[in-house]
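In the two complexes that follow, chain A is the common piece, with chain B as its partner first and chain C second.
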Partner chain A sequence: MIDWPHWLPLLAVLPLVGGVLTPLLFYRLPTAACFWAASIAALTLAVAVALLVRLLGSGGFGYAVGGWLPQYGIELRFDEIGALAVAAGFIALLSLVFSRHYVARAVDPDRAPLYYALVLINLGGLNGFLVTGDLFNLFVFMEIFSVSAYALVAMAREPIAALAALKYLLLGALSSLLVLFSVGVVFAMTGTLNIADAAMRLDASEPMPAALALAGLAAGFAVKAALFPVHFWLPDAHAAAPAPVSAMLSALVVKAGVVGMLRTLELFGGAGELLQPLLILMVWLGAAGALGGALMALVQRDIKRMLAYSTVANIGYIFIGLGLATASAAAGAMVHVVNHAVIKSALFLAAGAIIHRTGLRNIDDLRGLGQRMPVTCFAMALALVSLSGVPPTAGFIGKWQIALGALDAGKPLLVAVLVAAGVIVLAFGIRVINALYFRPPARMSVATATDSPASMWLPLVILAFGCIGLGLAGQPMLQFVAPAVQGLYGIVP
Partner chain B sequence: MSPELVDLRPLLAVLASLFCAGAVFAVRHSSRWRAFWSLAAAGIKFALVWSMLPGSLAGKVYVYQFGELLPGVAFGFRVDALGLFFALVSSTLWVLTTVYALAYMRGSHSLHRFFGFFALCISTTVGIAFAENLLTLFVFYELLTVCTYPLIMHDENLAARRAGRKYLVYTLCGGGLILAGMVVLYFTTGTLSLAESGILDASAERAGLLAIFLLLIAGFGVKAALMPLHAWLPAAMVAPTPVSALLHAVAVVKAGVFGILRVIYNVFGIDLLRDLGYADWLAMLAGSAIVIASVNALRQKKIKARLAWSTISQLSYIVLAAALLVPLAALAAIIHIANQAFAKITMFFVAGAIERGTGKTRVDELAGVGRRMPWTMAAFTISSLSFMGVPLMAGFVTKWYLSMGALQAGAGLYVGVMVVSGLLNAAYWLPMIYQAFFQPVPGDEKRDPQHRARVSPMMIAPVLICAAYVILLGAGASAPAMPFSLAEAAARFAFELEVPLE
Partner chain C sequence: MNVLATALGHVDYLVAVALFLIGAWILVTSGNLVKKVIGLNVMETSVFAFIVTTGMIDGGAPPLVVEGMEGPYASPLPHALVLTGIVVAVSITSLALVLILRVKSQFGTIELDEIVPTDEVRGAEDSDAIGGNDD
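Entry: the complex of A and B
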């Protein structure tokens, strides 16, 4: 059963088809659309888990779409990076369950089926992006998840939603253009679109076009990943989107940019000397993003904006880890991709539950809520502590590994940057926890609030426990990503 | 190498009060069940920790490990003599503090939160004591910060929030320093184990060694209130008195001091530190802190503030003794964990009892209190005598061995510091005792129908037990089952000596 070859394309096809069908089937039944979407996401997750089991058993494997041989046809590959599809399915499923009661607040009720359709299409695009072995497909799937993300942001009922979506769209379109252009250059240079094939043919013999393609891909994916200084679309978009969408955007969609960067590093592994300037730049920009994002988060009043800036900071960590290009740092960065996804989706869902029950999003207005919404606030507090990287929570593993890598690479000052950013993150975490637990209520809607329904707190609690569980599972996770690290820079560490 | 036994008790000791804390949170508003679970947490922990004493004295080391958090760093517990000593002190005092707190906090708000986190604190403290490696220690150390924070903020007013913020800023920055130090340490040695006397060796780069020393000592020094990093401690006095007792005598400051001892004895090791010479600076810092903090204590007008400054001074005794790097001083450092804890917690209990009984919080209001609360003030007198270093009291044992150690280390200057500190202690405790016993009760108080203060026996009993223990630790130090023998075993292990110290 697990070895059935066609599971791999299903990973992308299932949510895409399910998504397209949603508005058709549930035009008049908006409430049922939620069950449909959640079932599709659950099936997708099951497929991803089956693929993961096979990966654990026999290593990475490919699938030739339509039976065409890889160099000529489209190839899908499931490797350690593609295994992020499990996290994607998981978080999408929980976000969809969460949406059941939230969607009425987030979007126009008539548009609910459309909302679910877009979430599923977004998931399909992400999954396709994760498992494709073909450069052009990479671009296509990127467009699928990006366009659905713009639409999801624009759908929100927030006043700035349309503007935020436009900003996101303009930056996103620019990044797509850069990626498409670079894919074209790579195709012109190597005559192939297969990533593994192109990686073998690319070397530094023609530095100019190769550097051009590398710069285009890197810049394009950096925008998608919201790396400092091209992060400025992110806070508005993530703060304005409906909370479950914010969770998916912060947890998964920006991570797709990171995965794109990983694919770029794989692609140019043979041209190692071209990568050096990029890696140095990634470390510097990552450090600036980690500190800047944390500081910006510290001064925010709106809880979702605060979380959005903290995403910028965490993307900074991940890029530091990738840029250091040592085994421990890169493995730590990859693990942090998943761990941050779980932490940040827990936080956005908790913020969504709070907004849903009280209508408040200013941190100072949330005073005293810990008494009224104990489960939600507990999950939030746990995730905030995890975000700051206190061991043994999920946030710790990545930061520890990246710090070790910084010492490996002879850059001890980066350790100071990481620690300082961690302390700042903890500082704003404490600020929220203070407001929730140690201040008397200042708002009527807090004093009368009740805890969220099970469809909201259950996903939250699962994610909050994930914050602890992933922290304890640091060692197996690091072992799991180790093979992927070796393929990254064309070096065997 | 002492025999290692796999044993579940270290884990159970941590989990027992974790479970009880959960139960305290769960029962919420039932004060009877809250008291039951709080006492159960303290009692179970007490029994488990003490049950390991005979084995540990016989040279056994109990270990329990599970799951690797990071390559080569498991989450594990290891009960050696030093750790067990700290755990014994804190779990013994915990029972008394819980009894006291149940009486003191009666009628306050958010009690389930208070006692829940109170029980969690002991869980984390024992975790710190039993940690097999620096990472496990750090986990519990940070958890301790998190768990004490709601206790400091208990009153939820402006002063409490300010103190809480200050505490957090200090301790979190300290935690950050420890984390950075751990990264460098792990990078240098590839392990964080505390199982040997010294995991670093002289082959490592000097800059790295210095960085590790500075980062770890400064990081732990925050909670240990080492002199330039002490400002949070007097500010945290706004907390309810049982919390002050917990912060100042048992859990928090001792966790910091314990961390410093671990760094000196188990991370660096005596020989390496002696070669490097870093410990001399630390000793000088601690020596001057002893005097400066005592002078500051002299200027304080509030009882609890005076106690806080005295704590800063007393903690530096431990750091100084450890930094001297000779066996007798090490013995003084370890034994002073207990001596200071029992004496200081007595004083805090007394301060709280006076506050509840008479409403007085200032030093100059104490006139006649000795007649209104004779037992309580007698206990206070005993601890003051201990701090002054009067023979037969616990404090004398410390001063004796510390002075011997200073001479052994060829640093006679610190004997002078001991003498000066003893005099300063006399200068700030004796006037309080004089006022309390020998000055008349002010006239208006005499006419007060509630002239004899009424304090719950649940508050008086812990005071008297602690005071009795101060005498016991001093007069009966060398009796067989006393913690002293354990401290001696720990000191011997740190110096890898086979023969008894004396």
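Entry: the complex of A and C
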């Protein structure tokens, strides 16, 4: 059963088809769309888990779409990076469950089926992006999750939602075109679109076009990943979107940019000398993003904007790890991709629950909420502690490994940057926890608030305990991503 | 001389890159949202033109395996790619235009520097505050 070959395409096809059908099936009963979307996401998660079990048993495997041989047709590949699909399915499922009560207020009720359709299509695009082994297919799936993300941001009733979505769209489309242009250059150079095949044909014998393609891909994916200094679309878009969408955007869509960067590193593994300047740039921009993002988060008053800037900081961490290019730092960065996804979705969902129950989003207004919404605030506090990287929580492993990698690479100054950014993150974490638990309420809506319904606190609590669980599972996860690290930077085993 | 010859040999690529940069310039510098979308479309066209020309072969035959048609064949793959790319571009353009309509109805303008974000929805009304506790 687990060896049935067609599980792999199902990973992308199932949510895409389910998403397209949602508005058709639930045009007249918008409230039922939630159950449909959650069951599709659960099935997708089950498929992803089945693929993960097979990956653990027998290593990476491929699938030739339509029976065409990989070099000619489209190839799907499930490897350690593609295994992020499990996290994607998990977080999408919990976000959809959370959406049930949230969306009724945050989105026009008639549009609820469209909202669920877009979330499912977003999940399908992400899954396809994670498992494809074909460059053009990579672009197509990237557009599927990007366009659905633009539309999801615009779904919110926030007054700035349309403008934030438009800014996100213009910058996102620019980055997509850079990627497509580079795919064209790679195709013109190698005559193939298969990533593994092109990686073998690309070398440094033609440095000019190869450097052009590398620069285009890196710049394009850096915008998608919101790497400093091209992060400025992110705070508006993530703060304006409905909370479950913010969770998916920060946890998954931004990480797809990181995965795109990983695929770029795989693609240019054979032209190692071209990668060196890019890796140095990644470390510098990552360090600037980690410090700048954390500082900007510290001065925000709006809780969702604060979380959005903290995403910029964490993307900075991940890029430092990838740019250092040592085994421990790169493995730490990959683990941090998953861990930050769980932490940040917990935080955005908690913020969403608070906004849903009180209508307040200013941190100072939330004083004293810990007594009124104990479960939500507990989850939020746990995730905030985890975000700052206190051991043994999930945020610790990635940062520790990246710091070790910085020492290995002989850059002790970077460790200082990492510690400084960590301290700033802890500072704003403590600021929020202090407001929630140790200050008297200043707003009537706080003093009369009640805790969120089960469909909201259950996903939150699962994610909050995931923050601890992933922290304890650090060693197995590092071992799991080790083979993927081998494939980067041209260190082919 | 050598560089010039190489450049003239790939004049189509140069045109594509020039168009791409023109489009990017419009997209980044223009303050008018519709003009930004037009810049985006110019960029899209340049990328599509570039990909189509990569499939061209001097004196190449149409890629049809029939009697009397002999190689070298032009590559048919870029056309399939560009067709997909055009579909994506159309959907992005339409979404962008709809969003511009919404921006126009909310702010009354499509010039970026005339848009003043309203901050009133942030935070709660003052009637919500508990008296004397607001330090």
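To be clear about the criterion, the second predicted complex is superposed on the first by the 491 of 493 C-alpha atoms of A that agree within 3 Å, B and C clash if a C-alpha of one lies under 4 Å from a C-alpha of the other, contacts with A are read in each partner's own complex, and residues count from 1 in each chain.
What we mean here is this: contacts are C-beta pairs under 8 Å (C-beta built on N, C-alpha and C of every residue); 3 or more make two chains touch, one makes a residue touch a chain.
From a predicted model like this one, the values you see are computed outputs, not experimental measurements.
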> Which term applies to chain B and chain C once both are placed on chain A by superposition, clash or fit?
Replying inline: fit
> After lining up the shared chain so the two structures overlap, which partner does A:Leu298 touch, if you call chain B first and chain C second: first, second, both or neither?
Replying inline: neither
>> A:Ala420 in the overlay: touching chain B, chain C, both, or neither? Say first, second, both or neither.
In response: first
>> So in the superposed three-chain picture, is A:Leu458 touching just chain B, just chain C, both, or none of them (first/second/both/neither)?
In response: neither
>> Contacts for A:Ala482 in the overlay, against chain B (first) and chain C (second): which applies, first, second, both or neither?
In response: neither
>> If we overlay the two complexes on their shared chain A, which of chain B and chain C does A:Pro392 touch? Say first, second, both or neither.
In response: first
> Touch check for A:Pro440: first (chain B), second (chain C), both, or neither?
Replying inline: both
> Among the partners chain B and chain C, which is in contact with a greater number of residues of chain A?
Replying inline: C
>> Just to be sure I read the superposition right, which of the two partners does A:Leu166 touch: chain B = first, chain C = second, or both, or neither?
In response: second
> Touching A:Arg361 in the superposition: chain B (first), chain C (second), both, neither?
Replying inline: second
> For the superposed model, what is the least distance in angstrom between any CA atom of chain B and any CA atom of chain C?
Replying inline: 10
> Which residues would you name on chain A as touching chain B in one complex and chain C in the other?
Replying inline: 440
> How about chain C: which of its residues touch chain A in the complex?
Replying inline: 20, 24, 27, 33, 36-37, 40, 43-44, 47, 50-51, 54, 77-78, 81, 84-85, 88, 91-92, 95-96, 99-100, 102-103, 106-107, 115, 117-118, 121-124, 128-130, 133-134
> Where on chain B does chain A make contact in their complex?
Replying inline: 67-71, 75, 113, 135, 138-139, 142, 146, 149-150, 153, 156, 161, 164, 168-169, 172-173, 175-177, 179-180, 183-184, 186-187, 211
> Contact residues on chain A for chain C in the complex?
Replying inline: 136, 139-140, 143, 147, 150-151, 154, 158-160, 162-163, 165-166, 169-170, 173-174, 176-177, 180-181, 184, 187-188, 193, 302, 359-362, 365, 440-445, 447
> Tell me, which parts of chain A touch chain B in their complex?
Replying inline: 385, 390-392, 397, 400-401, 403-404, 407-408, 412, 415-416, 419-420, 422-423, 426-427, 430, 434, 437-440, 471-472, 474-475, 478
